[in-house]
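Just passing along the structure, written as structure tokens.
Chain naming follows the written order as A, B, C and D, and within any one chain the residues start at number 1.
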Amino acid sequence: MTKISFASDYTTGAHPKVLEALIRTNLEPLSGYGTDCYTKSAQEKIKKACDTQDIDVFLLTGGTQTNALMISTVLAPFEGVISAESGHIGNHEAGAVEYTGHKVLPLPQKEGKLSADDLSSYLAGFYTDENHEHMVFPGMVYISHPTEYGTLYTREELSALSRVCRSYHIPLFLDGARLGYGLASKASDMTLSDIAALCDMFYIGGTKMGALCGEAAVFHKEYTPKQFMTQVKQHGAMLAKGRLLGVQFDALFTDNLYAEIGAHAIMMAEKLKALFSEKGYRFFIDSPTNQQFIILENEEIKRLQNHVTFSYWEKADETHTVVRFATSWSTTEDDLKILSEIL
Amino acid sequence: MTKISFASDYTTGAHPKVLEALIRTNLEPLSGYGTDCYTKSAQEKIKKACDTQDIDVFLLTGGTQTNALMISTVLAPFEGVISAESGHIGNHEAGAVEYTGHKVLPLPQKEGKLSADDLSSYLAGFYTDENHEHMVFPGMVYISHPTEYGTLYTREELSALSRVCRSYHIPLFLDGARLGYGLASKASDMTLSDIAALCDMFYIGGTKMGALCGEAAVFHKEYTPKQFMTQVKQHGAMLAKGRLLGVQFDALFTDNLYAEIGAHAIMMAEKLKALFSEKGYRFFIDSPTNQQFIILENEEIKRLQNHVTFSYWEKADETHTVVRFATSWSTTEDDLKILSEIL
Amino acid sequence: MTKISFASDYTTGAHPKVLEALIRTNLEPLSGYGTDCYTKSAQEKIKKACDTQDIDVFLLTGGTQTNALMISTVLAPFEGVISAESGHIGNHEAGAVEYTGHKVLPLPQKEGKLSADDLSSYLAGFYTDENHEHMVFPGMVYISHPTEYGTLYTREELSALSRVCRSYHIPLFLDGARLGYGLASKASDMTLSDIAALCDMFYIGGTKMGALCGEAAVFHKEYTPKQFMTQVKQHGAMLAKGRLLGVQFDALFTDNLYAEIGAHAIMMAEKLKALFSEKGYRFFIDSPTNQQFIILENEEIKRLQNHVTFSYWEKADETHTVVRFATSWSTTEDDLKILSEIL
Amino acid sequence: MTKISFASDYTTGAHPKVLEALIRTNLEPLSGYGTDCYTKSAQEKIKKACDTQDIDVFLLTGGTQTNALMISTVLAPFEGVISAESGHIGNHEAGAVEYTGHKVLPLPQKEGKLSADDLSSYLAGFYTDENHEHMVFPGMVYISHPTEYGTLYTREELSALSRVCRSYHIPLFLDGARLGYGLASKASDMTLSDIAALCDMFYIGGTKMGALCGEAAVFHKEYTPKQFMTQVKQHGAMLAKGRLLGVQFDALFTDNLYAEIGAHAIMMAEKLKALFSEKGYRFFIDSPTNQQFIILENEEIKRLQNHVTFSYWEKADETHTVVRFATSWSTTEDDLKILSEIL
């Protein structure tokens, strides 16, 4: 028997419609390096989905790459990026931001989220510190949405962060590796257009939303880096066959596919959550998105691993571990049924 | 009428067999970040094709990325990389090597090639210069094969470079973005196994050889960087769905596909060369591989561009321009027939 | 009336004996870039003072420069440096370590000190984390002695840190910008030779100990970076007139001058501490070295600033501020007498 | 008998008047990090000597440091700096510019100089190259004056370079490590004020002009980097005792001292040149400044080295070597007399 997999939202390949687009366009000769018609079409569709023409959209390959590139090309050399101490860039990207020469400035987190109050205090404190010219200047605020714990900012919370950032003239950057799951969550009170209005730069994740690879970087035009594609090349992030990204994002933003993928995974996650809940399992955090964090006894982990794959998250205590179950476009009702039998 | 395309070897998508492998494996849940079974299989097949187990193989996404990563993770901070002045890393990678903090040290080129004599003189001169501690130390030699002009090193030439490098204990690095076309050329007197024996590190190009993306980085074990995959992550070069690279390279190295792709493109290039030759066109250089460089009158360029796409290479003189026609796995007899009618 | 100054230990120029050495040697033609006889003499005297020949000594210009250089040339690219969260490198060096591409990994501090227990837990946790290959590897431990709060590690504490570091094969690096004040403190139970035995790399501060500029970087030979002086040049840290550093350090390590400077400043600090204590002032921390941290009412700060200079440290609460009074080789009994009258 | 020294212009310490200023101010308590009154005074005097208030002046420690800092803080990340292929930054600074992530773009040199024609062709060619978005953008032009060969730009030559730079909106940067010797040369037709008008950024060398260390970086205000002193700190280039630089430059720009030092060394160089000339020695180049390049038989080098120190420059042929004799503020008539006897 094959094990069912809830290990992550990137264990299977491309959503069938994305794959179909790759197949359909495979023999068309297209120009390279992101100048092809599908990339242009994807850029236009994303602008439309964001409900504004005042943005620039670029297609990149992976999440860490996109974070490092967007952060380092917007920051001045003497600036760092503020992040909740649980932020992905500060913990699980192998120091990719520091590799570009910039410091990640950690602030406290609550359920993976940064509060406007903490941000505001930090910024006020920085500029009143008489020694701040010997310190790293705060040049950007990074948040992830959904966060690393699957949680979501409310529109009010995001608006508050946006106001603080804009009053200090620093951009608010949202890491949307799993943005589609956030938008589809029942707990969400924001659309993609709201995100685009409140953030100054963000990316729309593709890899974890049904693409083989690909993230769409979005900048409000005032923050678009000069010669961005040359910088993409300089960082080794440019694909000769830029079509690979263009065709996939064009498919994801055709006929509502991106939203559908999010909706399906959220529906599966709700059912999975209910399953664990009914069986009396403890949750590490109450996540409204496609990642569910369960506290398991170490012995039970061994038992479950015979039948299902899931991810190690962190040690809870000597005898318990936090694990993650994730759903995606490829999670099926059958997967849940089998899981139910296993638990 | 659609224009036929000889613009490059990356204008079409994936070779049908590569695409088929992506389709076939699409629904299999696989672990991420290059730990999947197809990546492992591809690594083993490449080792076998190289006829040695004394190498480490890693799959990366693009050529500039692979060059920058392999160079910067092997060089010491005070070292630079020697390259023919026509080398791709020194001219058309937007300063990606310098971005990692290392200098490209240019030496003269002849038909895109570096000579062992020039290399030897440079190295001898460096170490006898009394001021060399204030200079960038030569820490690696970079060559491309085929070169940027489509030319090839002979076994004797490569052996000579290899001997010089090894006598100075610095690695010889071969950029094989188009390696398959080199190996398939009638002018080639080397196999992949010869390349693997003479070079200390090299990469086997996928993007320009029928993959959607992907390059296979190969290190002799003594040069394999410590924690290489962490450094790949740090450079933003790691794919969550590492399968995308694994599946493609597994297909390319199954049933001789990589060699077949090379052979087909070379056959097409030979015919294309004959076509131009018969019609009395002038060649910029005598290339034995899939890239052919023709000198055209500027007026004729305009005429041809109505029917066929090709690439600008460089200005020849006020009224002439060097252009490139490239063949690939997707070039057909029909393409050549149409071209023949156009010329 | 000129104001007396306790603003820092770098407000006056060179100790008279250091200045005298510069004057005495001024007309001697000496070779450049640290190859002069005074630099060599200083290096030998420092080795002797450290009681070992198994070290390499290099003279650099300033503290931030020395930290960034020593850290970045010893760390592998994928490694970061652990520091107490109050560490100078993480807060007041404008991101100089991150500029070199490395992350500062903060751990909790107590009175400016890092505990061996916290360090040990962190390291154990890192290597058992299943995702640690996506994280910054801990490659070094940074401590300052005296710390940013003027406090000192005991021999037992330093030994414990040393044991942890050596069991993980990572170097313990001690920032000794004010090392002489630490060695001279009554609270100190260590000699320079103890420091040299327990740490794997450290620097002996000159700038804050009576030199115009200069810090002596010391590496146990196993950690000496390859081609270190070339890397010093590459970082823009090499002086053409290396004699400036050589002559000063040669003077500082002649006839016990370095120890005398430390002893004088500590004696002055003890008296200053007593003064504040007698007058009922509150101390922010109990510092046994030349920096004393006092909590003042904001109104009183204004009053005192008319007569004496001292440094802003940090805000204590709405109506109080922590300030720093520092003594040095140039602090006089008269300064203290005037201070006493002011308080 | 002590050997006389013509090894370089940095073999002796500080000019007596510079040293005297350090002695006189030694006990004054001054604020740190370049905020002291002497630094301010030096900055004002330099502005006056440059005959403009539209510049910002900062004091740094050494030449390589100043080049790397000024270049890297002005260039955009995707830009490189054009330099004659003999430029110091491209050859003898250990890759310090590349360490900051930027490429040095070499153009041909004639007697160490870059021509406006070559520059103009290069820039025109760059922007018409269809692939230039994959190349390093030319973002600055670097020249040295005097050059590495002691030669000088004429006002006409510098004006021509300036016009080209300004028509492309890129700054012209002049490395003035030995600027004072250039200004004092009989071959010079420019004043410091001319330099300041024609260049967009430059530095006035101190180390080789009688200071113990120190270079004055000058930016036209439109090119002054944001938060420059924070970036100086970030590069490890800030001195706690900034007074060391301030006092020295204040002295150098008091009572015409900088010009006097230049004039003395040039007078000595003229005499030295005449000496070699009279004795029939061959010059490698006709230098009008304080560095003289002589071609010596290898055997003669050994003989001379018994009595006088000078510098190895480069190999001329199998039996001859180019050597450099340099004069400075400390060269005396006696030195020349002894040299005359030796030759």
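Here, a contact is a pair of C-beta atoms (placed from the backbone, for glycine too) under 8 Å apart; a residue touches a chain by one contact, two chains touch by 3 or more.
Small disclaimer: the values here were computed from a predicted structure and weren't measured.
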{"item": "Neighbouring chains common to subunit A and subunit D, by label", "value": "B, C"}
{"item": "Interface residue identity across copies subunit A, subunit B - same or different by half", "value": "same"}
{"item": "Chain of greatest Cα-centre distance to subunit A", "value": "D"}
{"item": "Centroid spacing, where centroids are CA-atom means, of subunit B and subunit C in whole angstrom", "value": "50"}
{"item": "Inter-chain centre distance, subunit C versus subunit D - centres from mean C-alpha coordinates, in Å", "value": "33"}
{"item": "Whole-Å gap separating subunit A and subunit C, where each centre is the average of the chain's CA atoms", "value": "42"}
{"item": "Per-residue overlap in subunit A, given as positions that touch at least 2 other chains", "value": "77-78, 93-95, 99, 101, 133-135, 230-231, 233-234"}
{"item": "Subunit D - residues contacting subunit A, complex", "value": "33, 72-73, 76-78, 101, 133-134, 137, 226-227, 229-231, 233-234"}
{"item": "Subunit A - residues contacting subunit B, complex", "value": "4-5, 7-8, 10-14, 16, 19, 22-23, 25-32, 61-69, 93-96, 99, 207-208, 212-213, 230-231, 233-241, 243-244, 309, 330"}
{"item": "Of subunit C, residues touching subunit A in the complex", "value": "77-78, 80, 91-95, 98-104, 106, 125, 128-131, 133-136, 312, 314-315"}
